[in-house]
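Here's the structure we're looking at; comments come further down.
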Amino acid sequence: MYGKFSLVSHKSRLFCGAAVALAAIALASCSAPPKGTAAAKPATKVASVKEPEDAATQRHLHLLTSAQYLNTVSYALGPDVRPEAEARFAPTVRTDGLLQVGTSKAGVNDTQVEVFQKVAVAVATTAMDPVRRKFLMPCTPKDEKAADAACASQFITRVGKLMFRRPLPADKVAELVNQANASADRLQDFYAGLGVAIEAILVSPKTLFVAESVEPDPAHPGHLRLDAYSLASRLSFFLWNSGPDEAVLKAAETGEIQTPKGRAKLVEMMLASPRLEAGMRAFFDDMLGFDELSALAKDATVYPAFTGATVEDAHEQTLRTMVDQLLVKNRDYRDLFTSRETFLSPVLGALYNLPTSSDWTAYTFPDGSPRTGFLTQISFLAGHSHPGRSSPTLRGKALREILMCQPVPRPPANVDFSIVENPNPNLHTARDRLELHRKNPVCAGCHKITDPMGLALENFDGAGQYRDNEKGWKIDTSGALDGKAFNDVIGLGQAMHDHPAVTSCMVKRVFAYGTGGSTDNQDQEELAYYGARFAEQGYRLKDLLRTVALSQAFSTIRESAPAEQPVKAAEAASSDAINAK
Amino acid sequence: MKNTHVAGLISGVVALFGAAGMTQAADAPAAAPAAAPAGAADTVRNRAIGYVMVSENRAIYETKDGKTECPQGYNDGPREQFKLRNPDEAKRTVMNTRLSFESEVWHPATTPDPLPYHYIQGNIGEGLNLDGKVGPNDLSSPLGEKGIDNNLYRAIGCTRNFRADGETSILTPQWRSRARYNTFVIELTDVDSLANDDDVTVTTYRGLDKLIADATGNSYLPGGTQTADMTFGRKFIQSFKGKIKDGVLTTEAKDLWMPTASVYDPRDGGPDTLYRAMRFQLNVAAKSADGYMGGYADIESWYYASHNTRDALHQSYGGTSGPSMYRALMKLADYAPDKNGVNTAISSALNVRFTQVFVRHPDAQVAKAPIDTSATIQTTGQRE
Amino acid sequence: MFKRTVASCVVLAAAVAGGTGIAAETKNSVLEAYVHEPMPSIVQVVGTEMDGPVFADSRGHTLYVFGGGRDRGGYGGGGDPKDKSNCHTTVDKVTTGNMAPWPAGMELPDLATRKSCAEVWPPLYAADDAKPVGNWSIITRDDGKKQWAFDHKAVYTSTLDQRQGDVNGGGYLHAQGASGTVRTPISPREDLPAQFDVESMPTGRMLTLVDGFSVYTWDKDGPNKSNCDGACLAQWKPVLAAATAPQVHGDWAIIARSPGVFQWTYRKKPLYALNGDQQKRSFHGADIPGWHNVYTTPGPAFPKGFTVQRNPGGDVLADASGKTIYIFNCIEDAADQQACDHPTTTQQYRWAICGGFDVKKCNADFPYVVADKNAKSTSQIWGVKDVDPTTGRYVDPGTPGSVHVWTFRDRPLYTFARDTAPGDVRANAWGEGNGWRNGFHAFWVREEFRRQF
Amino acid sequence: MTNSILSKLNRRRVLRGMVDGGAVTVALPLLNVFLNGNGTALADGKPMPVRFGTWYWGLGVAKDVFVPKKVGANWEITEEMEALRGVQKHINVFTNFTAFKDNAQNFCHHTGWVIGRTGIAPMQSGEVPGETLDISVANSIGRTTRFRTLTASASGSARDTQSYDNPQTPNAAETSPMAFYTRLFGPDFQDPNAPTFTPNPKIMVRKSALSGVMDDIKDLNKVVGSEDRERIEQYFTGLRHIEQQFQQQLTKPEPIASCKAPEKFKEDAKNGTDTTLMAARHKMLSDLMAMAVACDQTRVFNMTYGGQGVTKLGYEKPHHTCTHEEPVDEKLGYQTVCSWFTRRAFENWAYVVDAFAKIKEGDGSLLDNVLIYANTDHGLARIHSLDGMAMFTAGRAGGKMKTGLHVAGDGSPVTRLGYTAMKVMGLNVRSWGTKSNNTSKEVGEILA
C-alpha cells in the first residue's frame, strides 16, 4: 500500500502544496526515514487558495452502517425506536484508514439481508405499537380494522421520504399504499397492514444503500454533478452521520441545494445544528480507530486500576475533548496536540490521580503538566500499548498511521522478539530494550520511524498512568520527530502541532470521509486546496467541513471510465425520470 | 490548628469547581523528569488527605476451630431455638412460635435467658484500650497488649454470624462499600506528614459517590473522589483531634454516628449506629489506611440496626437470636449508665480498611423538599 | 397548600372521574388520559388520587389482580397462576412456610374470625353469556363459576374499598418492596408517548422517562419554547421527539429546538432529563433553583398540620410536632396471603411487633396520629376515623374510649415514642422482613438513598 | 513469549493481547464450522436444521468434588457428576470460567447467570441488561418455526426464566406441563404428518410486499456502475432467500418422521419444591420440549431446573439457605447437603440430555443436531463467587461440535462459551460481551 502511495507522491505534479507533499512522503522505506521535512515552508505561504478547475470526486454506492441506519430510523420514528440489538450489521473493512470508505465496497450476503429484514420487522412493530403510533402518526384511520388509503398514504409518504432520502415517486407511494391496504384487509388491522408497508420501505435497497446518482452539471457543460437528493445525502451523512432531515430534503426539492447561495445557507444550518456533534463523534471514532476500543483490556494484575469502565470513559473523554475543542470552542485543530483542556469522569480520576466531581467535569491540566494534548489521554496511550506494558513502538506507529497518514510497514515474520521480552538485568527501561532491538538491522529501519516519538510518551504506562521511572530507573523521554528534537512529551506535542503532515492528514481524512472514497493521485491538487484553506482559516474543523462541503469536488462527479461517460450521462439523465416516475 | 472547610474546595487543591471547569494540581509535578522515590505521598494535597472505608467488621479474635474461645460451641439462632422454645410439634402456632419470637426481638428483655447462651471464654481479644486502664476483666491482644476493652466481642464472639466466615461478617464490608447510604469517609486535615505529625484533624462524612472498583472487581482503587454529604448526612459529621506517630494515627474519643443500612434495601436504614467515645487508631499511608476504630456501641442503636438490616431469616444463617443476644449485650454493658445506673453501651472495636480518595466539599446547596407543606423543612441529626 | 409543580396542573384539563355517583370527597380523583381499549361492559375506568386511572366494577370499586411484590429469599412466590384463581371460598388455616425460618403448617392467628380469601377479595364474576374482549378473558373457578381475568390474571375487588376511587386493597402506596405477594390494582395504559412513564409517588404521579429517570421543567422556558442553550445543555438533556410526531396530542406537543431537532413538551413546558441524575425517580434536578419535577396529577395535600422532616435517608412525613409518621404493613404467611394491616383484619401481627402483645405498651410506643376533633381531610386517600385503641378496630364516632385518628388508605397512622428529634426514624424497618412483611416503615416523602451503587 | 512475566499475567488478557501483536482484536475469518457441516441429512437430502437450547441450574458446584482432574477427553467422573456417567459421551463440561462484573455490583444469584446469558454485567438489581443468548440465536435461526423460542421451568415459578428479549421483556417460563402440552400440541398444533394446513396471513402479506422491494433493485441497477451492480445483485439474492423462507412458512410442512405428538396428560404435575416433585415436573417438561424440537415447532428452547428454592424431604432448609448455613464439612472440605442438591440437579441435566438423545432423527439422534448450553449463577454459592464457574454443553450441533470433553477455563470469561455457541449456530458476530466479558475467542477445543 505505502509503496504505491509513495510512487504517487514522487510522480505528483504538485510542488506548491507543501502540506500534502509531506503527507505523501509517507514511509516508503523504513531504511530512509524522512529527514528535515519539518523545516518545510509553512502552508500559509500558499498563495493560491482556488479550487482546481477540474475538481471532482467519484460517486459511490454506500451501504449504510448500523449507526447511520439507526440514526435515520430514530430520527424519523423516535429516539426510542432504535433496535440496536437487532441492527448488528456486519462491520466493514477499514479502507485507507476509514471504515466509512469501506462501506462503498461492502457487499451484502444472505445473512445480512436477513438481518435487515428482521430489523425492519422490529422497527415497524415498535412504531406501530399502540402506544407509539398515537404519538407518531399524523392521522388515525377511520376504522382500525380496515384499510384507510388516505391515512396510510400520509404516513408512507413521510417515512418513505426520510428513509429513501428522496420523495417517493407517485407510483411507488401507490404501490406501498396498495400493499398496506391489501395487508390491512387481509389481517383486518390497519396498523398491521401499514407496518408491512413500512417493513417494505425499510428492507428496500433504496434505504440500505446510498446510491449516488448524477445529472449533467449546467454550470460545467460536459460534466456531471450529484443530483440534488444525492448531494443532500452526501452532506447529511458527512456532517450528521444520518440521513437528511426534512429541511435538507426541502433544499433538494426546491433545487436550492444546487445553487451556491442555497448550498451555503444549508451547510451553515447543518454546521450550526446540534446534530453536528453526533456526526463528528462518528468521524473521530472512525478516524481514530475507536471501534477497536471495545475489545481493549489490560492485565488486571499489572494494571488493577484499568477496568472495562475505564475504556468506556477514556473513549468518551477523547470524544468530549474533540467536540469541546473543535466544535464548541472552535479551536485550531493543531492545538489538540498541545491543549491541556479536557474532561474527567470519576473513574478516570483514579488513573489520572485527580479529584473529580460526581459526573463528567471540564478540567484543565496546569502549565508544565506532562498531560498535554490528546496523545496523553488514556484512549491513545492505553489503546496503543500491550496488555501488561507500554509500547513506544505501537504508539509511534499509531501516531504515524492515524494522525499523519503515514503507513508503517509491518515487522518481518521471522523477527526475534526475545530481546524485548526476556528479562535482561542490564535493560531497565523500554528505551534500553528498544535500543538493543535497533541494533538488529532488520528492525532498525522501521523502529527509527516509530520509537523516537513513542519513547517520548514513556512517562505513561500501558494503562496511561503517569510515572517518572520504570522500576526505579529514571525514564528518558527525549526523542525526535522528523528531525525536530525534543526532551519530553510536551516537546512531542509541539512537534506534532507544527508538523504539516498532521494537518494534511486531517484534510485527507475529512475529505475521504465526506466523499466516501479513497483519495488518490487525482485528488492531490484538491487536497492541497483544502489544506491551504484549512491553514488560511487557522485550522478550524468547522471551516474545513464547510470548505469540503461547499467545494466543487464534493458535488461534481468524475466518472471512473471516461469512455463510458456519455452512456453514464444518459443514464443519469434518465435517472431523474426513474426517480420521478 | 482549626479545621476549616471552604465551600467548593477540594481538599488539597486550590481551585474552585465552577461551571467553566476546574483547574488543579496535575497528577504529577510539573514536567517531573527526575526519578522521585516511588510512592511519594502525592495524595496529600493542601495538607489534607481523604479516605473512604472499604471494609468494616467487628474485631473478633478467633482460633482455628473456635474450641479455645467457644469451648461449648456456637450459639443457637432462631431456627434452633424454635425447637427448644416449642418442643411439642403439635402445639406450634404462628402466635406461639413466630410472633412470640418476633415480639421478643423487637421488645427484648433483660430477664434471665431461659435458653443456653455462650460467651467468649478466656482473655485474648482484639481492639483498643478504651479507658486507658488495665483492668482485671480486660482482654490482652494476641501479641500481648494489655488492657483491651471489647465486651462486644465477649457477647457475640461465639455467634457464627459474627465470626470470620459468618454471613454477617462476609456482608458487612460489602454494605459499607456498596450501599450508597453507608459510604463512610474520613478526611485528615492540617497534615504536614503522614509519618509524624503531632496535630492533625480527622473529620468524618458520609460520601456521596460510588467507590471505584479495580479490574478484579474485588477491591477498590485509591484516587477516587468522594463528595461530602452536607445536606442529608450532617448527622455523620464529627471531627477529632489526632496525631500521627510513626505512621500510626490516633485520635481523641468522641461520639460518632455511623450510617447503617442494608445493602438489600437501603430504605431500611434509619436508626444508624451510635458509638460513644469512638476513636481511631489507623496505619495511614498515601494510598490506604487500616486499623481499628474503638468505642462503646450504644446498645439500643446497635441492636436495632442489626435487626433492621437483617431479619430472622438472615439471622438464622448464622445463629443469631435477637432476644438472647440482647441479654448478653446488656449483661456485659460497661459504659454510659442511665439514670437507673444501668449501662447502655458496650465496649467494642471495629476492624476497618480505607482506600485513599479526594474529598470534595460541594457548594452548599440545600436540597428542597419535593413538596411544599406549610411546615418548614428541618435538618436533623446534628450531633450534640 | 399543596404546591403544584407544574403551574398549569392546578387547572387540570382532564375531566373529573365519571360524573355520577361521586361524592364531594372524590374531587381530587382526576381521570388522567388513558388509552381506551376494549373491556367488558361491566368494567369502567375511574380516576384515583394516587394511582392514576384504574379499572373498576360497575360500582366504581377498583379491580385488582393477585400477584406482585417479590418472592422472599427464593422461597417461591404466591399469587394466582395464569388463567386460574387460587382465591378460594374456604378459609386457609395454616401457614405455607414462606416465612423461613418458620415452617409450614402452623395454625394462623384469630382463626375463629378469619375470612376466606374470596370473602375479602370478591371475584369479579362474569355473566354466563359474557365473551372475552381485548385483554379480558373468562376463567372458570373451582366451583364452576365464571370470573373475569385481565392479562390472564383473575380479577377481584376488595372489601376495603367502599367508594369509587378508593385503592385500599393494595396496601401502602403500590406496596413496592413488600415481602410477600400483594394485590395490585389494574389500570389501563396511560396515554403517553412511549418514551415516558408515570410512577405513583407520595408526592404525586411523577412523569419519568421509561427507564425511570425523572424529567424536569424550567421556569425560564416559555410556553412551548425552550430557552435552555449553551451552558444549560451541559447539565440538562432535552427529551427529543421523532421528526414524524404530530405537533400536538392532548397535553403533549413537540417543538423544534433547532431546524430538525424536536423536543417534547408537556402542558406547554419543554421536558429535560438531568445529566448524571442520582437515581430513578429523583428529586435531585428540582433542587436546582428554577427546575421542577413533573406530575401528571400532583398528590393530594397532606393533612393540615403535617410537616416534612429531613434525616439521613431523605425526607419523611411527620406530625405537627415533627414526629415521624409510620405506616404498618403486614401480609400473612397463608396461601391466600391476606393483608393483616387493617383494623378489620387480625391485630395480632401488629401487637407482636408494636408491643410484644402488650396492647397498652403498643399504644404507648406506637401511638396513633391523633386528629383534631374538627379535622377534615381535603382528599379521599387521607381520612379521619375513630378507633378503639384496645381492639385496634374502627368504631362509631364518639364511642367512649375511642381515638380520633388520621388514616391513609383507610389505615391508621402511627408515631413512635422513642423518636425524640424531628427526623428520627428509629422504628423504620421494625418488624419481620425488615418491616416489609410485618412491621413499620416511615412515611417517606423523598427517599434520597434508595438506589444502591 | 516464554518468560516469567507471562506466567504472572492473566492468561485471558495475554491471549487477547497477542492477537495481531497489540491490544487489538481483528476480524477473524468465519470459523470453518460454517463451511463444512457434516451432520446427518434428511432422507430427501436436506441437512437437518441445527437447534439451540439452554438449561439452567442454580447455586453452582462444589469445586473439590466437581472439577475433574483430567482435561480433554475421557475425564474421570467426579463425585458430584456421578449422575452424568450415562451421558458423558454426549456432553462437555467446562470448569473454572469467570463472570466479570467490572464496576457493577455483584447481585447475588443474578449477576453470574446474566453474564453467561447476555455477556453483560447488570448494573441494577434484577436487571437483565440485554437480550439473552437464546434470543440472539432465535433471532437468527428461529424465525421460520412456529415458535421463535420456548421456555419452561421446573421450579413452578414463571419468573424463573433466563430468557429476555430486552430488559423489559422476559420470556416467562411455562411451569405447568399441562398448559405447556396444550400450547404445543393442543388445537393449534399443525402436525407435520397431518393432511391439512393453514398458512399464516401475516407471512403472506409480507411475502407479497417483497415483490415491490425487488422492483427497487431494478431501479437501483439503472443508476449504479457495473461494479456496484454486483453488490445490488447480491442484495437481490438475499431478498430471494427471505422470500424462500416466507414461502417455506406458507407451505405445508414436510412430514417429520421423528415427530409424534405425545399423549395428553391425565393430570398436571403437583406443585412443590421438593426434589422429587421438581424432578417429576422437569421430566414432563423435558419430554414435551424434546418433542417440540423434534416436530420443528421451535429451534430454540430454554429449560430451567430450579433456582434457589429447591427443598429436600426431611431437611429444613431449601438449597439456597443451605449454601449459606451449612458448615463446610471439616473432613470432606465442602458443604455436603448443598452438594446433595447439586447432584439432584445433575440428575435432571442427565435426563434432559437423554430426552433428546433417545429421539431418533435421520441416521442418528435428535441430540446430534442440537447444541444445549447450560450454566448457573455462581461458582461457590456460599460466598456468591463469580469465578470458578461451571458450564456444560450437550449435543453435536449437526457435527460442528465434539463431545465428551472437559475444558478448563483458567479464569477466562464465561462469555467464551456463549460466543462459541453463537458462532456454531451461524451467527455473524465478531465478539460478544462488554467490558471484561468481551471476548472474541471461541472455546476451540470443542469445535469439530
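Structural remarks
Should a chain be cited, it is by its letter among A, B, C and D, assigned in written order, with residues numbered from 1 in that chain.
We take it that contacts are C-beta pairs under 8 Å (C-beta built on N, C-alpha and C of every residue); 3 or more make two chains touch, one makes a residue touch a chain.
No experiment lies behind these values; they were computed from the predicted model shown.
Nearest to the global CA centroid, when each chain is reduced to the mean of its CA atoms, is chain D.
For the pairs A-D and B-D, the count of C-beta pairs in contact is higher at A-D. We define each chain's centre as the mean of its Cα atoms; on that basis chain A and chain D are separated by 37 Å. Taking the mean of the C-alpha atoms as each chain's centre, chain B and chain D sit 44 Å apart. Inter-chain centre distance (chain C to chain D, centres taken as mean C-alpha positions): 40 Å. Chain centres here are Cα averages; for chain A and chain C they lie 50 Å apart.
For chain C, the set of residues that touch two or more other chains comprises 73, 100-101, 103, 452-453. Residue positions of chain A with contacts to 2 or more other chains are 298, 300, 307, 309, 347, 358. Shared interface positions of chain B, i.e. residues touching 2 or more other chains, are given as 79, 178, 210, 212-213, 215, 217, 313, 316. With chains as nodes and touching pairs as edges, the resulting graph is complete, every pair of chains being joined.
Against chain A, the residues of chain B that register as touching in their complex are 10-13, 17, 20-28, 30-36, 38, 42-43, 208-210, 212-217, 219, 221-225, 227, 358, 360.
Contact residues of chain D toward chain C in the complex are 105, 109, 125, 155-159, 175-176, 179, 273, 307-309, 316-318, 320-321. By the touch criterion given at the top, residues 1-3, 72-73, 95, 99-103, 106-109, 177, 203, 231, 234, 283-284, 286-288, 293, 299, 301-302, 304-315, 318, 320, 322, 333, 348-349, 351-358, 361, 421-426, 428-438, 441-442, 444-453 of chain C touch chain B in their complex. Taken together, the chain A residues at the contact with chain C in this complex read 74-81, 129-132, 134-138, 155, 158-159, 162, 245-248, 269, 272-275, 358-360. Taken in their complex, chain A has these residues touching chain D: 59-61, 63, 85-86, 88, 90-91, 93, 106-114, 116-118, 175-176, 179, 182-183, 186-187, 192-193, 196-197, 199-200, 203-206, 208-209, 211, 213, 292, 294-302, 307-309, 311-312, 347, 382-388, 391, 394, 411, 417, 421-423, 560, 568, 571-572, 574-575, 578.
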